[in-house]
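After this come two complexes, each holding chain A, first together with chain B and then together with chain C.
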Partner chain A sequence: MAGADLKLLGTDYQIWKKKQRREAGQYYLLCLVGIFCFFAIWQIAVTAGLANERLLPSPLQVFETIIEKFYQKEPDGNTMLVNICASLQVALSGFLLAVVIGIPLGLVMGWFRLAEAFFRPIFELVRPVPPIAWIPLVVVWFGIGLQAKALIIFFSAFVPCVINSYTGIQLTNRTYINVARTFGASETEIFRKVGIPSSLPMVFAGVRVALGNSWSTLVAAEMLAATAGLGYMIQQGRTLARPDLVIAGMVVIGAIGAVLSGILSYIEKRLIKGQKNESN
Partner chain B sequence: MESNMKPKLEVKNITKTFFSDKGAFQAVEDVSFQIREGEFLVLLGPGRCGKSVLLNIISGLLEQTSGAVYFNGQEIHGVNPEISMVFQKTAVMPFKTVQQNVELGLKFAGMDKKKRAEISEHYINLVGLKGFEKSYPPQLSGGMKQRVGIARAYATNPEVLIMDEPFGQLDAQTRYSMQNEILRISAEEKKTVLFVTNNIEEACSLGDRIVLLSACPARVKEIYDLNYLPKPRDIVSKEFLDIRQKISDNTDLAL
Partner chain C sequence: MEKKKNSVMNIVCIILPVIAVLCIAIGWIAFSTANPRLMPGPVEVFQRFIRTFTNPVARVILPGHIWASLRRVLIGLIFAWIIGIGLGVLVGWNKKVRAVLGSVLELLRPIPPIAWIPLVIMWFGIGEFSKVFIVFIGTIFGLIVNTSAGIKLVDKINIDVGKIFGGNQRQILTEIVVPTALPSIFAGIRTSVSSGWTTVVAAEMLGAKAGLGSLVTKGWQGNDMALVLVAVISIAAIGALLSVLLSKLEKVVCPWNQI
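Entry: the complex of A and B
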């Protein structure tokens, strides 16, 4: 449809496209400038002696520490890669468990009245408890291994998975349900073919929050006397008074979080079709 | 002629009362009319008078408080595969392609993929959406979405089509061209159609007969036979304007 018009308006289109590209270029340039300024001010503050270098290392120093940690085990006993893998294992197993249990629970709770009546009160009781409050109990139950830490992560990721799936499927347009009903679809067919697909954007928003929660609860979970992991590395940095190590850990956590969120966006784009900017 | 006059669908003494904490609310009161085989019957009534409620009862989505619906002489309860519905609000699912939307009824009926594709192709062409099979509804205009809804209702090859203000949300220009489209489509695919509108001109352009409803609760005020006016109708002819005026004078104002 648009293709034919655009050819007719060839030159106008070229001009428009150029303008679009220039504006996008400006946008990304400013993103880079912003990040650069952040690090530059930080660096200047340290070099100019405005901040105590023993308390706030310069960005270059942090960068050096990060590189160094990739081939050096000192001072916490693991190379960066080992720490990253340990953390990813903990965070992802807790996160995946939350997704696998939380989403179906939310969907069923939002769709079937009796399931809602049964599960909702229990869920409402568990929901306000902060994930970190579980730590003492979990340690008693499972010790300090992967299971214990994954369970803490699970609690932080579980709640947004349930809430968003629950709300998302409840918002299913009544008319879509009626359409399926007039075609003789059974209740379970309507749930699967209409309810679930129409709730997906909300579900994904929940998964996004859950992923963020998992990753940010990680440091807390790894305070459980872990022997490896980014949170553990930060802990060691604190005990050894190595702020560069602490900040290095923070930077790596931030970077990996951004990458994970990027991967999730990609999956979301592949899975959710046509739904964006639908106003009805 | 004789068989042509037998009712395909009959609505008999339908009443619908809704109950809520605030009490009872009557939406439809003792409505009776017949739809003949192959007829294009228009239900005309002011906004919020109970038209959708009545249609939902006929299509089996709602249960009446009293009265009965007969299809081919048999009383029916619940949804019926021989009655398809085009909905008032855009009921085209945004998470399915045009083709998947059109095939929805066939899929629920358990038809295999190849057969579905053949049928949906035919109806997508019929409504003039060739080339948009793989598009998602948010990329389409309001008129195109309603075409998808029409193709979807026709695709299951039902005996009766119910259309609930299908063009109510379209701008005047698109609405006018869609009226011509529905005349073309219903001439091409001979079906019994029950078409609901609150627009007198639309009713007079499309209806073989017009059932005029009162304001809420919906009651039948009068039934007009327009078969003496051949379609497509000249909307500025004297006969057209006369009947339009006559119905207009008899219409309750929507609040």
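Entry: the complex of A and C
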């Protein structure tokens, strides 16, 4: 690699560029080969009888199950779309609640000493409880409705939102604050116009973690107590000994999680870019 | 004047945390006396805690349950560390491996660890092995991603220096690349411990004979909320303890990570 770079002199630019393109092409080809091999080995292992078909269905069968679930209610009583909507509703309501409460709390905690002194101990007491461990208490308090599940998701998403906005705003450059103060900005103005914008990248990192957490906690919440949703579908697949249904649920959950995090990075790019333009 | 204001501020900042904790305690007591069936009070929880020693749940006292959970996490984590960091180094270092293996890992990574639990239970039952395997599978992807990201971040100039001084591939890897990537590897280890702990609790809640997660389920099914709270508090305490231990360890293993 280094040798190739050293040889690079003016006229060789196009050759170098071609080489780069070829290498990129090779890379993507290898990616495809890897994924293809993964599915091929899986399929061959099942059809050749190396893996028990009752425990590990072939990828084609899983694919068929996914398609089938879109118009068939059996065996868990809901079509795929109903399940997806139920899960999204639960996850997003808990997640949005955590964002709306957690980020302002974290920002205030990181900026004002009095707020930190009061809220920090409470937060530190609640923080180490894994969200899943809240499930029995929340179910006893609220039953198994949307409210209960959203609250469990809220706990899982709340912690990263608070921690990141707290750290993010504490890392604000002292110079910026002093400049604002010199120019006669009031304390609330400094908080609003200097502290919050400078903490945004960290806040977004927290929101991203929160989204991942809420989507994975959702599965646990639904597996333990629900009547619809992807986690419920997986759980039904397990009790009915339908591994194809279980894997289909896992695939759909993984795919939606990836899509959600993609949407979030798009929003992040737009928002943080806007921030830059504003400061210019 | 300014000095006086500061000292008042300091005193307030010492008192406020105490008030906050008192608020929680009073809120808990008030809620539990108003709804004794929904939430046991602190005294009741403490009595239940004592009773886990005199009257063991499932013939195991509380430390036994704690040890059952910890052992599962530890065994799963050790395997995940060895294999995950090894694979992460490979994926980060070699471009071809990254293309072939990295793409498959990217495909499997978005599946949440908890979603693996039903499948693993179907495959291996609810025995010890399946718990360890769930911890393993729930933590390995994060480890691989963190390690390979750290390896990719190594400054190319450092590698070139190693080459100029006649280091072979293995020397460059073990003496330049891995030490540079160590903070990022350690970040992966920290995340793996906390997510492993959460995952094992979830796995035990879905079916186990011993362990803190099984205590939660037992209390829940037996309508024994005090036992649930004892288990939840123990889970939280041990999770907090693990994270403190790890940040101490981080200072020893990679001191250059501190600013």
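In this section, the second predicted complex is superposed on the first by the 239 of 280 C-alpha atoms of A that agree within 3 Å, B and C clash if a C-alpha of one lies under 4 Å from a C-alpha of the other, contacts with A are read in each partner's own complex, and residues count from 1 in each chain.
Simple rule for what comes next: a residue touches a chain if its C-beta (ideal position, glycine included) is under 8 Å from a C-beta of that chain, and two chains touch if they have at least 3 such contacts.
None of the values given here were measured: they were computed from a predicted structure.
When both complexes are overlaid on chain A, the residue A:258 reaches chain C alone and has no touch with chain B.
In the superposed model, A:31 makes contact with chain C only, not with chain B.
Of the two partner chains, neither chain B nor chain C is touched by A:88. Between chain B and chain C, C contacts the larger number of chain A residues.
Once the two complexes are laid over each other on the shared chain, residue contacts for A:101 go to neither chain B nor chain C.
Of the two partner chains, chain B is the only one touched by A:181; chain C is not. In the superposition on chain A, A:144 makes contact with neither chain B nor chain C.
Shared-chain residue A:198: touches chain B; no touch with chain C. Contact residues on chain A toward chain C in their complex (touch as defined above): 2, 26-35, 37-38, 55-56, 113-114, 117-122, 125, 127-137, 139-141, 215-217, 219-220, 223-224, 231, 234-235, 237-238, 241, 243, 246-247, 249-251, 253-255, 257-258, 261.
By the touch rule above, chain B contacts chain A in their complex via residues 56, 59-61, 79, 81, 83-85, 87, 89-91, 93-97, 104-105, 107-109, 136-139, 152, 156. Those residues of chain C lying in contact with chain A across their complex are 9, 12-14, 16-17, 19-21, 23-24, 38-39, 95-96, 99-104, 107-119, 121-123, 160, 163, 197-198, 201-202, 205-206, 216-217, 219-220, 225, 228-229, 231-232, 235-237, 239-240, 243.
Interface residues of chain A facing chain B in the complex, by the touch rule stated above, are 173, 175-176, 178-185, 189, 193-194, 197-198, 200, 272-278, 280.
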